[in-house]
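In what follows, subunit A forms one complex with subunit B and a second complex with subunit C.
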Partner chain A sequence: MLAPIYSRGLRGLALATVATIGVALGLVFFYAPLDADQGFVQKIFYIHVPLAIVSLGGYILGALFAIGHLRTGDRKWDMRSYVAIHMALIFSVGGLITGSIWAKASWGHWWVWDEPTLVSYLIVVLLFATYQPLRFSIEDPERQARYASVFAVVAGAFVPLNFIAVRLAQAYVHPRVLAAGHLPPSMGLTFAVSLIGIALLYVTLWKLELAAKSSRMQVRRLRREVLGDTAVRPLGRSAAPS
Partner chain B sequence: MSLIAAAPALPLHQAGPYVAAAYIVFVVLILVYVAILALRVSRTEKDVVALRDELDSREPTDDPDPERERVAV
Partner chain C sequence: MRTALTILRKDLRLELRTFETLPAMVLLSLASFVIFHFALARATVDGQLAAGVLTVTLLFAALLGVNRLFVAEREQGGFDAFLLAPVDRTSLLIAKATALFLFLIVLEVIALPAFDLLLLGSSLGRSLGGLVVLLLLADLGIAVIGTLVSAIAVQTRARDLIGPIIGLPLLIPALIATARGSGPLLLGHGATFPQGKWLLVLALYDSVFALLAYAVFDYLLED
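== the complex of A and B ==
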């Protein structure tokens, strides 16, 4: 079976990402007005919220790829799911740190435990943080891929459920700045461009990581085919698909 | 009233370091990730070079299929 070429279109995507993030930064600092309540510190909103939204989207994407793996048994879907969740975790770390900085500047605390949106987001991140240890604990690659896919689907389904539950339970605790009419058009445009920029960054890095992993696997396969099994070092236990 | 609505507006000289910190964290996170990825790619490149060297060092044979047996006619 031919391996997918993940680097296809990567150059254009990377350029589009750089351009969009550049435009977004320009809009954030030179176009979007200062927030009446928070002033300059509200600029963190344009990086923190897109990071959080894209990371949650990444977890759901990982779940969709995992469904593809469970349906077809093709390991390429497991690889895509693994990288989608891996990238989403990195974006989540960014979202949590930028959120903490914003909380410190606005509320005077790095973290607020009685804020349902923050805590529920942390629970989702911690849930997905167990994905890699789960994979690492299973040595057999086939079982590892299957169990990890089941986990990714269940945990991925938890993301929208968690989001809806928090909204229904505590509708007015966290600021609902994305609701209709809450964001002025200039801020809305800036936020939309920032969100697109971060989403493009996610897709670019996802493809880049997939291309790197796929190349490494192709080299190992080629080495085994050309030089024999003894020419390839055993991989050992790994959380990454092999 | 939400916590954010209750928060007072920060003067620029106070808010500036927080905003800068948030954006620097983002840039550093991406840079560290790309650096790790670059290390992995360079390892793959070394593997490709090693594979090519091993193939080059093999004895060239005239016979296109060395596993085929010669049979006298």
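== the complex of A and C ==
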């Protein structure tokens, strides 16, 4: 069975990502107006919010791929789900750090509890952060893939429920000045381009990681065929599908 | 259904003969009340603070039960025997979730009066009915999530670690609803029934995860 070739179209995708992020940065610094209230620091919004949205999308994507794995039993879906969640976790760390900087600059605290979106986001990240430890502590690769998929599906369904519960728990909610409907058009356009740029970056990195993993696996297989089983050192223990 | 009843009866008999899990859960909750008394430096607590103490204590006691839920199956080959038997796999989920649910009810029957006596200053009387409704809904959610998490964790190498770190974040929505819903009930002369929205959140949580657990449980048993 031939593994899917993930590197196809990667170059074009990477170029599109660089171009879109370049345009987005240009718009952020030279086109979007300064926020009347927060000034220059508000511009972190154009990186923070897309990072957060894209990472949440990545978790959902991971859950959908996991459904694919459970339905078909094909390990390639597990690999896709793993890389989607892995990348989303990295984007999440970026989202949390930029969010924290923004909170410090505009509200004076590194962390605020009365912003439900932020709090729900932290809980979701805490849950998905257990994905890797879970994989790591199951040795049988078949079972590791199956259990990780079950976890990803449950955690994916958890995301919306968690947002509802945390939102209801706030006695009063900040006025949502940054909700899409309230943005002036120039800010809205800049935000949209930034969001597309970050989403493209996510897809590019996801494909790159998949391409790297699958070509590494093929190289190992070929070496084993050509040089014999003993010539290829066994892999160390890993949480990644192999 | 008959299979589920058989497994449930086996679990309850096992617990009645060994008295392993339930006494541990009860003792942990009593010790927690004492710890909270000293940590908070209060003779009595009320309102949201009391709700927090009660919810966190019950949650941690529940985690003890969650950790033990499948241990006998794993150590004594119950899983293999179950997989060999020509029965519906879901019956194991139903039996285990019901067992955990019953354990939680017994725990609360003892821990709630103890909490009232030790930390509330015996002021629970009026709002007891509302609290029971809220806790029953919460127990249902904990039983479903607990069974699912326990079934995942029991097959891992570090099962005592994996269970709680997955279970706690997953239980946060139920914890929010229980703690916020019971806060006004524990004020002494406050509300007597929890706000509808918290009951609704718990009901939604329970039904979503019950359906989901039903859908994915089979994949945890394949071998």
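Heads up, the rule we're going with is that the second predicted complex is superposed on the first by the 224 of 242 C-alpha atoms of A that agree within 3 Å, B and C clash if a C-alpha of one lies under 4 Å from a C-alpha of the other, contacts with A are read in each partner's own complex, and residues count from 1 in each chain.
Throughout what follows, contacts are C-beta pairs under 8 Å (C-beta built on N, C-alpha and C of every residue); 3 or more make two chains touch, one makes a residue touch a chain.
Quick caveat: nothing in here was measured; it's all calculated off a predicted structure.
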Touching partner for A:L70 - first (subunit B), second (subunit C), both, neither: second
Which of subunit B and subunit C A:A19 touches, first, second, both or neither: neither
Which superposed partner A:I5 touches (first subunit B, second subunit C, both, neither): neither
Subunit A residues touched by each partner, larger count belonging to subunit B or subunit C: B
Contacts of A:S137 with subunit B and subunit C, given as first, second, both or neither: second
Which superposed partner A:L235 touches (first subunit B, second subunit C, both, neither): neither
Touched partner set for A:I90, first subunit B, second subunit C, both or neither: first
Which of subunit B and subunit C A:A157 touches, first, second, both or neither: second
Partner chain in contact with A:L51 - subunit B first, subunit C second, else both or neither: first
Subunit B and subunit C footprints on subunit A, overlapping residues: none
Residues of subunit C that touch subunit A when the two form their complex: 148, 152, 155-159, 161-162, 165-166, 169-170, 172-173, 176-177, 180, 197-198, 201, 204-205, 208-209, 212-213, 216, 219-220, 222-223
Residue numbers on subunit A that touch subunit C, as the complex places them: 70, 123, 126-127, 130, 133-134, 137-139, 143, 146-147, 149-151, 153-155, 157-158, 161-162, 164-166, 168-169
Touch list for subunit A against partner subunit B, complex: 35-41, 43-44, 47-48, 51, 90, 93-94, 97-98, 101-102, 104-107, 112, 115, 172-175, 201, 205, 208-209, 212, 215-216, 219-220, 222-223, 226-227, 231
Complex contacts: residues of subunit B adjacent to subunit A: 2-5, 7, 9-12, 14-16, 18-19, 21-23, 25-26, 29-30, 33, 37, 40-41, 43-44, 47-48, 51, 54-55
